[in-house]
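Input: structures, listed below.
One chain, subunit A, appears in both complexes that follow, with subunit B as partner in the first and subunit C in the second.
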Partner chain A sequence: MLFAWMLILAFLAFIACMFEDLESDIGSQSNPNSQIQLAPEMGYIHRYFNKAISGEGLSYALSCTISGTIAMLILLQLESVGPKAAILAIPVGAAVGSLVHMVRSSVCHVGREAAHKRFEQPIYLDVLYGHLLPIATHNFLAVICITAIAYIQSNLGILSGVAGASNPFPLPLLCLIWGLTVGAIGSSTGDIHYGTERAFQDKPFGEGRRVVYHGQICRYADCGVRTSKDVAAFCAKYGGPATGLAFGLIVLFENWRTVIGMTLGGLAGPGWNPSLAAAWGIGIGIVIAVVLVILARTLEKWARNKYGPFVGE
Partner chain B sequence: MIETLLLVLVCIIIGGLLSSLAVHLMPVGGAPAAMATATGIATGCVMLMTGAAVTGLFTASTVASFWVTKPNVILVALSGAVGSMLMMGFTMFVGNLIYIFGAGIVPCSGRVAVDPITKESQTEYKTPRTDGHGVPPASFVSGILGGFSGGFGGALIYVVLVSDSYAHFSVATAGIVAMGIFIANAIIAAYNIGGTIEGFHDPKFKARIRTGLTCSLIVSVLCGVIIVIAMLTGTLAGGVM
Partner chain C sequence: MGEEEVKQEEKEEKAKPKEEFKLSFDYFNESRLGIFALIIGILVAIFPGLPAFIKGIGMMIVFVWGADSVRKTARYGLGTGVPSIGVLAMGFGIIGGITGIAVASLSFGTLVVGGVEIAFGVLAGVALLALLGFVSGNLANGDKFINMKIPGLERGMTELGMAGTLAVLIETSIITGTYAITSVLPNVINNGVIAVIFIISAFGMLQPLNTCLGADERRGRTLLMSIEIGGIASIILGLVTTLTLSAVQGVPLIVLGAVVWVVFYRAYMKACMKEAYAVKGTGLIKTLGG
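Entry: the complex of A and B
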């Protein structure tokens, strides 16, 4: 049962991080935002949504903590209903978190674009209105999954029937932790597909974006003028799922090695040995890290052989 | 009592110093790395390290709850260290997957001509007018070590705060205080780095690590003194949350 819940957690983590990355692409949040911000200064008037509320980690930590706090309050109010209260508490919490995120997005976009008036960048109202709903919906899916993860982890002992499996942190703190992590991962991985490839699609493929290209973003879509919604459609094919995979694997292996350690340490039985359980978890984690280093080296070697040295000027 | 207070202070200082060291070991490319204009992970030092540390903190909190009383400090800290290390490992690996298959770019260092681990040349793979791209093997190993160091530091602070043998804070208070001390150290280290860094092989690491650790020592002592005062006065005993 514990392993089944673990797989559900990994699946939720995959969905959460994928939508987190796509939401940040729609809003041009985080690192590639530097290019959207720079573009008007370089004479590249654009129709991208421009929000950089804060780093993605902090932004998502706030959304998820709001969601977790509201959910916990509802759960406390409906304590007599039992675990079924979570069906109402988690979506309501996530909805409030997303609404707050949407408010921050709209204020941020308008403020940033107004500051670009000196470079003749207009505030396109259709861009503002058209992007707020996709931002809120993608954010909602990410936040609801994170809140569900936090809820399951803080009640895992009851849900799986294994005493001691619950995490001791309260629901809002778990939301804060996973919100920070999901934002940090979305910022570290998914942004590359947007910043390197999609934002500079009219530049040569297979090379780093030279400093001279900075600000010269691609402003035209397959048909018409590009908006940030086109970015999400592109990144959903690779960058988003890859980012989801990163977070999903982290949650999967973090829980997996702890559960395996607990099982080998005599899971909630008379022979329970906490030191042995912890030691097994550490040992398995180190083995996974070594495998990752070997895989990374193999991948890098493959890329060097396949692509070869840089060709061109 | 005095021994306990001193031990808590020392553990917080060690945890803070390890956190600072961790941030210096991170291959951080910041915003330029998102455009493959710089080597490293495409985000800021604080964001990345905090994400890794809280992942470790999550595992550390689970492992600390294995013991009814008096959790084993070293095992809990090591569990946190491995958690952060795995977070870093998967993030860097998937980052490289996107660089290689999403943008067709070979990971290479922009700061050294030869990778210190594989001894392979980097220069001819680098795009001109960039500072390298992707996460090459030396940076990958540096990131793994950084994750381990940061996770150990964060979890060490957490476990001495939560343990009933030491500070005996509530679980939530200990988690938040550990996170606070960690972030303070990470921000100081980020200011010290001032932009991007590739890891232990980056000349910047050698040039700035002493300043970073000195500043971290000051910050950690200050944080430690505040914790000791809280312990003496019983302000956070049993937790405010």
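Entry: the complex of A and C
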């Protein structure tokens, strides 16, 4: 039963991070944002949505924590109903969280474009209005998954029937931690796909962008002028799922090694041995890390062989 | 319908003088705003018996001060470091807030004069963080240490420490109505409300500058947004307070938050639209060099 819940957590993490990455692409948040911000200063007037709430980690921490707090308040009010109250509490919490996120992103776009007055960057109202709904909906799906993960973790003991499996942290704090994590993974893994393949389409293999070309982003789509919504459609093919896979695997491996370690250590039964459990958990973790490093190295070698050496090597 | 329209017009008329007043933060330049917010913040923080919506106003003023300090520290081209500065402020704030609450719950930390609780102990947290902020600012900027050479970093860090601490203290006293550790632990820390206090105060301080960053950033516009986040914070804290204390404390705070949010969101959006190069319904982009 415990393993089944672990798999559900990993699956929810996969969906959460996929939508998180697509949502950040819609608003060009995080790393690509610096190029979107720089473009008007280099004379490249654009129609991208400039969503500079903060880094992805923090802005997801905000919406997830608000969602978690609201969900916790509803759960406290409906304590007599039992675990079924979560069916109401989690979506309502996530809705409030994504509403706040939408408000914050609407403020960002106008704020940053107004600060570009001397570079003659206008505020396009259709860009502003047209992006808010996709941002809110993608954000809602990410936040609802994160809140559900936090809820399952903090009630795992009751849900799986294994006493002592619940996370000691309260729901909002778990949401804060998971929000920070999902934002960080989405920023580090997903932005590469957007930044190098949509903002700069003619980049040579393996080369970093020279400072001279900073801000010279690709502003035209396959048909017409590109907006951030087109980027989401592009990234939904590979970038989003890859990011989701990264986060899902992290959650899966992390929980897997913990649970196996705990099981080998007796799992809070009469033969409970914490140091043995910790030793097994750490050992399995190191094995997983070594396997991943070897896999990554093999993949890199294969890519270099196939697509030629890096420019300048 | 007719009545509603009249009411809306009245609201607009009411909002306008406020907007004119708030749009020009000329009187409250950086030093005056700091002193004003420090005094108001301390006054609100040491009286935990005040009604929640008055504390809500105090919280917003502290947010504005924090945002102004972030702006002071980060406008010299810190760029992506702006959110970090805001989170740093709240890291300071959590340390100072816990210290202040701990000292205030000691026997000598809180005086009761004529039935009114005066928690002088929280000032210990504020003073500690002023010191800590000044030291860390000096460490980061000093010639012998990291030598970052950011003008005004020492002062900015000191103010950030104090503003963060005051924000945590005021929000804690909104939720619990007292600084007694027996009440703070279950109502703020054990149920995780501290997380929402942390993140939303951090946003009140970091988001204004991060969002308005650019060549034509204007202080008045930036600070408007800080109050707007204060409105959202008031609504959420009001919801929590309704559960921890009572609806008498929580509902006025929610109403205050909603009114403040509507007024300042409108004022901010109008200011941005007015000051932008142009506001277009739609249109193609200008070609390079054209």
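One rule holds for everything that comes next: the second predicted complex is superposed on the first by the 301 of 313 C-alpha atoms of A that agree within 3 Å, B and C clash if a C-alpha of one lies under 4 Å from a C-alpha of the other, contacts with A are read in each partner's own complex, and residues count from 1 in each chain.
Here, a residue touches a chain if its C-beta (ideal position, glycine included) is under 8 Å from a C-beta of that chain, and two chains touch if they have at least 3 such contacts.
For clarity, every value in this text was computed on a predicted model and none was experimentally measured.
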First (subunit B), second (subunit C), both or neither touched by A:G55: both
Which of subunit B and subunit C A:F169 touches, first, second, both or neither: both
In the superposition, subunit B vs subunit C on subunit A residues touched: B
Partner chain in contact with A:A303 - subunit B first, subunit C second, else both or neither: first
Touched partner set for A:T258, first subunit B, second subunit C, both or neither: first
Touched partner set for A:S34, first subunit B, second subunit C, both or neither: both
Which of subunit B and subunit C A:G111 touches, first, second, both or neither: second
Touched partner set for A:L292, first subunit B, second subunit C, both or neither: first
Residues of subunit A contacting subunit B in one complex and subunit C in the other: 34, 55, 58, 169-170, 173-174, 176
Interfacial residue positions of subunit C with respect to subunit A in the complex: 79-80, 82-83, 86-87, 190-196, 198-200, 202-203, 206-207, 210-217, 221, 225, 228, 232, 236, 239-240, 243, 265, 268-269, 271-273, 275-286, 288-289
In the complex with subunit A, residue positions of subunit B that touch it: 30-31, 33-37, 41-44, 46-48, 50-52, 54-55, 57-59, 61-67, 71-72, 75-76, 78-79, 82-83, 85-87, 89-107, 118, 120, 124-130, 132-137, 140-141, 144, 171-172, 175-176, 241
Sites on subunit A touched by subunit C in the complex: 34, 37, 41, 43-47, 52-55, 58, 61-62, 65-66, 68-70, 72-73, 76-77, 100, 103-104, 107-108, 110-126, 169-176, 219, 225
Subunit A to subunit B touching residues, read off their complex: 30-35, 55-58, 164, 166-170, 173-174, 176-178, 180-181, 183-185, 187-197, 199-200, 205-214, 238-239, 242-243, 245-246, 249-250, 253-254, 257-258, 262, 265, 274-275, 277-279, 281-282, 285-286, 288-289, 292-293, 295-297, 299-300, 303-304, 307, 309-310, 313
